[in-house]
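Think of it as A, B and C in the order they're written, each chain with its own count starting at 1.
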Amino acid sequence: LQRPRHQGMAKNTYMRWRLPLVCLLWEGAMIVLFGVFVRFGAEADAHWEEEKREMNLTSDIENDFYFRYPSFQDVHVMIFVGFGFLMTFLKRYGFGAVGFNFLLAAFGIQWALLMQGWFHSFKDGKIFIGVENLINADFCVGSVCIAFGAILGKTSPIQLLVMTLFQVTLFSVNEYILLNLLHVKDAGGSMTIHTFGAYFGLTVTRILYRPNLEQSKDKQGSVYHSDLFAMIGTLYLWMYWPSFNSAISDHGDAQHRSAINTYCSLAACVLTTMAFSSMLQKKGKLDMVHIQNATLAGGVAVGTSAEMMLTPYGSLIVGSISGIVSTVGYVYFTPFLESRLHIQDTCGIHNLHAMPGLIGGIVGAVTAAAATEEVYGKEGFIKAFDFTGVYQKRTPSVQGGFQAAGIVVSLLMAFVGGAIVGGILKLPIWGDAAAENCFEDDVYWEVPEDEESDVYHMHNPDKPASP
Amino acid sequence: LQRPRHQGMAKNTYMRWRLPLVCLLWEGAMIVLFGVFVRFGAEADAHWEEEKREMNLTSDIENDFYFRYPSFQDVHVMIFVGFGFLMTFLKRYGFGAVGFNFLLAAFGIQWALLMQGWFHSFKDGKIFIGVENLINADFCVGSVCIAFGAILGKTSPIQLLVMTLFQVTLFSVNEYILLNLLHVKDAGGSMTIHTFGAYFGLTVTRILYRPNLEQSKDKQGSVYHSDLFAMIGTLYLWMYWPSFNSAISDHGDAQHRSAINTYCSLAACVLTTMAFSSMLQKKGKLDMVHIQNATLAGGVAVGTSAEMMLTPYGSLIVGSISGIVSTVGYVYFTPFLESRLHIQDTCGIHNLHAMPGLIGGIVGAVTAAAATEEVYGKEGFIKAFDFTGVYQKRTPSVQGGFQAAGIVVSLLMAFVGGAIVGGILKLPIWGDAAAENCFEDDVYWEVPEDEESDVYHMHNPDKPASP
Amino acid sequence: LQRPRHQGMAKNTYMRWRLPLVCLLWEGAMIVLFGVFVRFGAEADAHWEEEKREMNLTSDIENDFYFRYPSFQDVHVMIFVGFGFLMTFLKRYGFGAVGFNFLLAAFGIQWALLMQGWFHSFKDGKIFIGVENLINADFCVGSVCIAFGAILGKTSPIQLLVMTLFQVTLFSVNEYILLNLLHVKDAGGSMTIHTFGAYFGLTVTRILYRPNLEQSKDKQGSVYHSDLFAMIGTLYLWMYWPSFNSAISDHGDAQHRSAINTYCSLAACVLTTMAFSSMLQKKGKLDMVHIQNATLAGGVAVGTSAEMMLTPYGSLIVGSISGIVSTVGYVYFTPFLESRLHIQDTCGIHNLHAMPGLIGGIVGAVTAAAATEEVYGKEGFIKAFDFTGVYQKRTPSVQGGFQAAGIVVSLLMAFVGGAIVGGILKLPIWGDAAAENCFEDDVYWEVPEDEESDVYHMHNPDKPASP
């Protein structure tokens, strides 16, 4: 039972100067860069009164704020409460789950406003931002939260900030390639957010492989109340996913349609998840891991196609399949990935984001390829795929091909980027904990002495047992 | 202390094939029915550009999506987080509360889209859906969540799915009778959702009466943290109830008015609930059961009348009364119902939904009967009660009579439907647990071993005590 | 170890008749006053159809409901879930935190509708209310929730209701002086809500100084799960703060701009908070108290200036500074205030609201003084500061001076008002607990017997230990 503690203790997890330095320097850089580049977009600027007149708008309600702000707030909740609480399922890593997610997302949205701004909102040397930029920044950070799920409990906050810096950058490049160069549709981000984010995270965790992780096996599970905290995250992700997939769709029918498709897909996904969760367990009991995660696969899997004419029953089919794939993944693939491929995936993002993200990309490609003027209407067809300007002559089947190419690009970016960033994070300077101290808040957090302290301080010889 | 375990153990709660079968078959049926019937409504269809032109709409903001989507999301939160977490108060039934609520609601909204669609959105052989249908589906499922409250902890997930199937069907029929045949107003569902849902659930639990339920008495209470989880549910229901009651009201002043009336009613309800909670307890201490539930009665009780000219002070009066009635119900009626009428009502839905629902129906009838052209304005009067077409000549007092008839119809549907469905659920094939295993997640869920495991596995001889 | 129990026990905390009496009498008064004064505003009244025609409005979407209702709901969540759960960090005061916050806010919004109505929405002897009034009532109550933070755990529910009655009154007077007499801008309430609320609460807690409070020191800390509950409050406050600061700004660009500035400020604040939390702790570990609170200072500190052309990088600077000030406050000022000035500030509102509120007032004054027609545009300039009518000739620098005067007035109102109300609350008739029973739910709540009961009932000789 006696473990070689000295080995783990040798790791220096002291954050006192490193973490403040990184946070303050980077925030300083943000201030300088924002000062140089970022300005209010026309609809948020005090000159809007004149703008309105020029654009012949008769009402303030035409401001994009009123089209997108409610969806923005829902997305915001998904990023901070949704992802944050979803990861609190671990018995002694709730502070890290919710707190580090908070930290990386708060930094990430600033950096994403800049990176995405340079690519998409840059004019006359300035980045002009509005509510759509805020949503896109949240989206971008969503892909980092996904990757965080793979390495949850095994990394220092500095590593997470470093990963965020690089991943946001790569995300923006990938997004630019897909949306601007390939002219691909991906409003809900099956490819840009989920596929990219998940395979990026899986590659990083592969590089950071810890052979002795079973030393902290006792802390890799949940307790009763931590599972309920995680359900808060699950439900907010599930409920607000229609807002996620519709947040940046075109005004009008596209936003409306995206919400309906996502609503349908998610509903179906719950039933197939429950079915397979029970079916794959010897005693037929439901597993909270599946309920917390696989029920969300339906939202991921319609991310690309939700704004298209997928139709409600198409959404039910996609949602049903993704729930099954995801649950099967938790039961069979995750152990396989860990034992054979040395991919230690704490939250099972392979099942919740990677596979459903691929499904989403493929469904998007097929739905685009199958589009007809009859189904969309003449104008609707052009508007839905933005077949204007140089893309005026693009046909649905060509669009489908480009959509498929988008998946491949996202995967390549994820693998190559993840490998490089994983290599950087492997440097022994970031203060990550020893294997035996993984999944334990006490390493980076002041943890209150409480009634569970005996259990908790088991591996912490520095602190005397509470009296 | 030794209980007759063999008796309870004899019950077969093995779900492995039954639950998956029901989930997969039914989801398959949904896919087929959606494929045959469900299509996007005009405002969610890609043909909307043409539609807009035909309807002379100058802006995308006129899409119903922007009038109702924020309210829809609030209602969605009420159904999944509100009802789900409200029921987590039991010390060892949090997974079942939140998880089974998730399952039944996810199935229910699909079935409700169909059932309500056939009655209300059917044209040329197709059901055309938009955001209002999503809200109505959530509403319909709300009545099932209410009924679930009465049988919480005593039923298998299959029973819940079977109940959902039938209750959604009956709800839709009842709603059709009220809204279309009686031409009754009930935007917040005092009658269709609360009165019907609650008396349906109470009838079902009466039929399913368990004489030996005191065997699981030790698990019928709460623990400190489970009461806090339940408060999450309470507060989200309380905060978003103005959205609930205004979600499907007419655009403009009616939505605005519904929200204000509900806000006022709920605020008043909190004060009278606190007053009576303290007054009715010997030591004058507040009871979390009342705070968690009776504070919401004010939302139920203005469900019918919120969109009418109830006026803010009228709302305060209704809210005050319903808080009192509900709290008194918890203290005196619930024990009486259980001991004398053999109605075992786990969450006390009789106090939170049944009685306030009746109050709501009556207040609605009175408010309608008292309506005058002076108070509503000539046009407002016609619009508020939809006195057009064949109803052009209906007077307020006649409307009041029909409103009252709506209460009676809802009650009849609830009693008859509940009795039949209760009989079906009594069949010994659905896998419900023995009395001594009620209110215990371990029967249907993989439960993590934790520091509370000793308490928890008391009745589970299969599992060895954790070391 | 034996404490002088008789001393504490001598205090009469029996609420049975006092609390119900106050609740019922006051609710009765609300009903009467609402009956005499409160009516639906034009946009919520059934006469809206006619109103629309008179105002030449072509669409129902022009109803203020659609401009403000989503923000209202976010603010509502901040008041009830945000503040309520933020204060659940104490190990045994979760019921009181969430429950008393619920009680005082539910009463406060009614009284605020009246008080603010008399000052701002009074016409022909009636108060006409709409969604903006609901938001303002929530805002007003927000200042009471802030003050509650200082006295959390040390007061009876009656004291809280009495404080609410007076504080709402004083808030409304102060708000009237600032907005109407000084013509000051303060849409997010840095001065009216935070500066006033916090210094009011700090003065009250100073007057109520308890010299023996260390007797309940063991209950002043958190436990692991209570810190996670508190994070729910933190995150909802953090996420929805952009809605808070933009909720009552002018339609269009002002709302849009407020949300962006607040989003930026809050993001920056998280990074500097994390940096200083780690830096100021000997072992470099993060402290949940800081993460739960100081991360929000950025929202407070742009409360006045968010709707102005603060610019995104200006917001980052303000957010960064306020995070630092707030964290430093928790580490150094709070102990100083307690030991030297006898200000016992349970939640550290001095750090989260008082100092950031002052920063917010000053930033607002500076931003106003620096405003130019070039930056705002000719029309935008007039609209932003409402330089119309008698204020037509006011210059930015004069406006800056008036803004600064607004800070001074708010401070004076807080100190004088807090001293008087503190004196009233010191009367020995309100049923507050003895020092040794502070921070303990058992005094005013029925608390379930649970696995932690041994710890809990330590100081409760009336109850036998659970078997």
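Simple rule for what comes next: contacts are C-beta pairs under 8 Å (C-beta built on N, C-alpha and C of every residue); 3 or more make two chains touch, one makes a residue touch a chain.
Just so we're on the same page, UniProt names per chain: A, B, C = RHCG protein.
Only a predicted model underlies this, so the values are computations on that prediction, with no experimental measurement involved.
Steps from subunit A (RHCG protein) to subunit C (RHCG protein), minimised over paths through touching chains, total 1.
Shared numbers divided by all numbers used gives the overlap of an interface; between subunit A (RHCG protein) and subunit B (RHCG protein) this overlap falls below half, so the copies present different residues. Computed centre separation for the pair subunit A (RHCG protein)/subunit B (RHCG protein) is 33 angstrom, with centres defined by C-alpha atoms. In subunit C (RHCG protein), the positions touching at least two other chains are 59, 61, 66, 70, 225, 232, 452. By the touch criterion given at the top, residues 14-17, 19-21, 23-24, 26-27, 30-31, 34-35, 38-40, 43-50, 52, 59-61, 63-66, 69-70, 73, 76-77, 80-81, 84-85, 88, 92, 94-95, 98-99, 102-103, 106-107, 109-110, 113, 129-131, 134, 157, 225, 229, 232, 444-452, 456 of subunit B (RHCG protein) touch subunit A (RHCG protein) in their complex. In the complex of the two chains, the subunit B (RHCG protein) residues touching subunit C (RHCG protein) come out as 59, 61-62, 66-67, 70-71, 74, 91, 221-225, 227-228, 231-232, 235-236, 238-240, 242-243, 251-257, 259-260, 263-264, 266-268, 270-272, 274-276, 278-279, 281-288, 291, 295, 309, 311-313, 316-317, 320, 375-377, 379-381, 383-384, 452, 455.
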